[in-house]
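See below for the structure under consideration.
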Amino acid sequence: MPYVNIKITREGASSEQKARLIQGVTKLLVDVLGKNPKTTVVVIDEVDTDNWGIGGDQVTKLRGIAGGVANEQ
Amino acid sequence: MPYVNIKITREGASSEQKARLIQGVTKLLVDVLGKNPKTTVVVIDEVDTDNWGIGGDQVTKLRGIAGGVANEQ
Amino acid sequence: MPYVNIKITREGASSEQKARLIQGVTKLLVDVLGKNPKTTVVVIDEVDTDNWGIGGDQVTKLRGIAGGVANEQ
Amino acid sequence: MPYVNIKITREGASSEQKARLIQGVTKLLVDVLGKNPKTTVVVIDEVDTDNWGIGGDQVTKLRGIAGGVANEQ
Amino acid sequence: MPYVNIKITREGASSEQKARLIQGVTKLLVDVLGKNPKTTVVVIDEVDTDNWGIGGDQVTKLRGIAGGVANEQ
Amino acid sequence: MPYVNIKITREGASSEQKARLIQGVTKLLVDVLGKNPKTTVVVIDEVDTDNWGIGGDQVTKLRGIAGGVANEQ
């Protein structure tokens, strides 16, 4: 019955990768807490890099800078 | 003053259907809790079927399978 | 399969009122969008009035002022 | 380490305005609570006006009405 | 840099179980998407069974009924 | 009309500090986007350190370790 929301930047996650996230999180809740997988819901939100900030900066900006946090994932 | 977030899969809900959801939820909060409708906020998120999982599977996959949970809404 | 999150201030909503909210929202999603009630999840968050702001003020403060928005729900 | 989610209607906020929101919220958490800006995350969700309701009406509808709440932001 | 929110009913999850959820989700995001674990945030919300509904009923009520969905997790 | 959700660890934020967060975020949305403060909602969630993970570890554990990320806020 759990509900899990995963927020990531929109940077080309494939359908297959999303399937693995959904499968992995669902399995984790079964293994750790004995939750019922049938009613476990996982929702993935992909967010534009302009709309995601860390350290006070947009990810768009961080991606454009060589070195440092440029490769922040 | 309540805030309500409704998450559904993106599968063609019409503007008129969304209007009914907003109206219905707002009325419910007035009827049950006496909330002020003027400051009641309802936000509907439509999520791609690739990004929504239930039972460990993507809804995209469930939609493509005949029978079983194929008609899961 | 929808997921609904209702946020209200923590001001004495009874278990019976919460049951009515859950029932009402679930029914609305069935009626408007034909969603499956069995996998419709509703989560109610009750938030301390110190932690809820509207118009730039804490609800705790608004509740303490006679008249005006004092009765804001 | 805080996480902040800002939801606004999708009505043309520029990248520069989003940068100012991210910078401003991050600075606020440093100033008020001494939080570490490096791990402070801000996510902005822009929501279609059809999917945002206030007072029981869609913002799309409110925008189309002269006067009253027509200029509600 | 991802943000993950896990919502479960408040029914005695131990600190050690929560640690395993946090560790497992973080590892999953590293393995599947190559995300940086250092800035991956996981927040677990435990929700009273009165405040969680599925199938139109409060979990509190479902827990009290023998058989059927009584053991829904 | 914006909705802002601030999630922080529960570590003794005072009512006055929360009031400053609410006031500051509301003002920011007025200044940057011209939003109407009267319908701007800010909700602060305080999360137990056992329920908050960063870098794969519970904050509770990070707080107990001298040096390093011990002072992560």
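By written order: A, B, C, D, E and F. Residues from 1 in each chain.
Throughout what follows, a contact is a pair of C-beta atoms (placed from the backbone, for glycine too) under 8 Å apart; a residue touches a chain by one contact, two chains touch by 3 or more.
Just so you know, these numbers come straight off a predicted model, no measurement behind them.
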Steps in the shortest chain-to-chain touch route ending at chain E and beginning at chain D: 1
Chain pair among A-C, A-B or E-F whose interface repeats that of D-E, sharing over half of the contact pairs by residue number: A-C
Result of counting contacting C-beta pairs for D-F and C-E, higher pair: D-F
Whole-Å separation of chain centres (CA-atom averages), chain B against chain C: 16
Interchain centroid distance [CA atoms averaged], chain B/chain D, Å: 21
Chain E residues counted as touching two or more neighbouring chains: 1, 3, 7, 21, 25, 39, 41, 43, 45, 52, 54
Pairs of chains found to touch, sorted by chain label: A-B, A-C, A-D, A-E, B-C, B-D, B-F, C-E, C-F, D-E, D-F, E-F
Touch list for chain F against partner chain B, complex: 1, 3, 39, 41, 43
List of chain F residues in touch with chain D within their complex: 1-9, 13, 17, 20-21, 24-25, 28-29, 31-36, 39, 52, 54, 59, 72-73
Residue ranges of chain D touching chain A (in the complex, touch as defined): 15, 18-19, 21-23, 25-27, 37-46
Partner chain D, residues of chain A touching it in the complex: 7, 45, 47, 50-58, 60-61
